[in-house]
Amino acid sequence: MTAKNIHLKDPASTNIWEVIFLYPGFHILIVHSVASFFYRINLKFMARLISQGARFLTGIEIHPGAKIGKNLFIDHGMGIVIGETAEIGDSCTIYHGVTLGGLGNSQIKRHPTIGNNVMIGCGAKILGPIRIGNNVKIGANAVVLKDVPDNSTIVGVPGKMIKHNN
Amino acid sequence: MTAKNIHLKDPASTNIWEVIFLYPGFHILIVHSVASFFYRINLKFMARLISQGARFLTGIEIHPGAKIGKNLFIDHGMGIVIGETAEIGDSCTIYHGVTLGGLGNSQIKRHPTIGNNVMIGCGAKILGPIRIGNNVKIGANAVVLKDVPDNSTIVGVPGKMIKHNN
Amino acid sequence: MTAKNIHLKDPASTNIWEVIFLYPGFHILIVHSVASFFYRINLKFMARLISQGARFLTGIEIHPGAKIGKNLFIDHGMGIVIGETAEIGDSCTIYHGVTLGGLGNSQIKRHPTIGNNVMIGCGAKILGPIRIGNNVKIGANAVVLKDVPDNSTIVGVPGKMIKHNN
């Protein structure tokens, strides 16, 4: 996502320079693209050295193997964990404290796949190799362990659907 | 809040010097008063430079625009996010992982107003321009999206009132 | 826990050097053993100076007084808070965002006691001087305020037992 898009999405930002210099959710995407490059050419230690350095600087932990679509907006970001086999579609918004994690077993695909235009509220945990559809909203602190169809809203622990085709 | 008050409130602190040198929840209040000064004289980039620097050092993100009353006690603090138009009354206690956040739309007042003597448990998310009354207790990981009257206790996702006039 | 054990438990680690150099959940255990030594010989300020320094470097806050068993595996770790009188048995796994905390009153024993072979999911909060039995699984974002018997699975806010003798 360009800094300009983040500025337009965040009512708290006063100008684009604030985003470029001060938004950890912007910095992490630049660093992730570098870490991801080293991961793909199989320099995995270097890849994780970069991603763990970025975790120290930003509080956001994205495994270099994670696939991230266009225009992701990470707001605040502290405490986010995104696993190795997670995939995120285009134009998503992810708040601080979100986990796209595994369930502790070791298949190849252990982490969720997120569709396009998905909003994941702060503190929500999405666990396992499940699929979150397009245009889904997931509420703060929700826990999602099953597939979610397109155009749904999910809240609660474990998460329940409260609206479909919203 | 003076370091002495924090020492008296926290059973884990052995003396006042521990609070002064080692409590991020004490340091952030000093930094916030500086960031808040620059925000009020409209040097907003400088204000956020300071608050984002403090986020790096403490793991606590308080927007310079947030209004904080007397004697706030922030315990542990990691992962706290307090938004630009949030207001906090006097003598409140806020644990780590708490969010006083918005709901992604862009009215002027986007964040909660918290009364006096409110306790917000770790991981709780309070979202939107709602009012939390005086003497309210909010449980760990609760999600609060509606006004809460004075003297209540709230738990759950989304939060339900379990006691009134407690 | 040895770095080798962590490598075997974590499907995302490619070799033991990754654990040794890049896993905050490994580093914090080494630092905690040092902080714990100073705490036991009653150099409490030095003990907390070390543990708060480690919090800055790792995002994990373990009070020097906490007692930790063998082979603890802390995964990711950001936002973990473990209180002064918490006790953790052997071979447990704790994910990021977990709190073993108190309820704000000041008895001597304020924090939980965790059995052996317990898995605590990301974002779970376990509060008060309660006992979590052996072989217990606690779900992501669960809030646990009461004793939990051996061989149980707990989810929800507040946590409910969903399986016993699992």
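Some notes on this structure:
By letter and in written order, the chains are A, B and C; residue numbering begins at 1 in each of them.
The rule is short, and it goes like this: a residue touches a chain if its C-beta (ideal position, glycine included) is under 8 Å from a C-beta of that chain, and two chains touch if they have at least 3 such contacts.
If you're wondering where the values come from, they're calculated on a predicted model, not measured in any experiment.
Annotation: the subunit B:subunit C pair of sequence copies touches via predominantly different residues, less than half of the used numbers being shared. Note on subunit A versus subunit B: their Cα superposition corresponds to a rotation of 120 degrees, in steps of 5. Between the Cα centres of subunit B and subunit C there is a gap of 25 Å. Each of the following residues of subunit A touches two or more other chains: 59, 78-79, 97, 123, 141, 157.
Listed in rising order, the residues of subunit B touching subunit C in the complex are 11-12, 14-15, 17-18, 21-22, 24, 57, 59, 76, 78-79, 93, 95-97, 119, 121-123, 139-142, 155-157.
Of all residues in subunit C, only 44-45, 48-49, 52, 55-56, 59, 61, 63, 65, 78-79, 81, 83-84, 97, 99, 101-102, 104-106, 110, 123, 125, 127, 141, 143, 157-158 touch subunit B in the complex they form.
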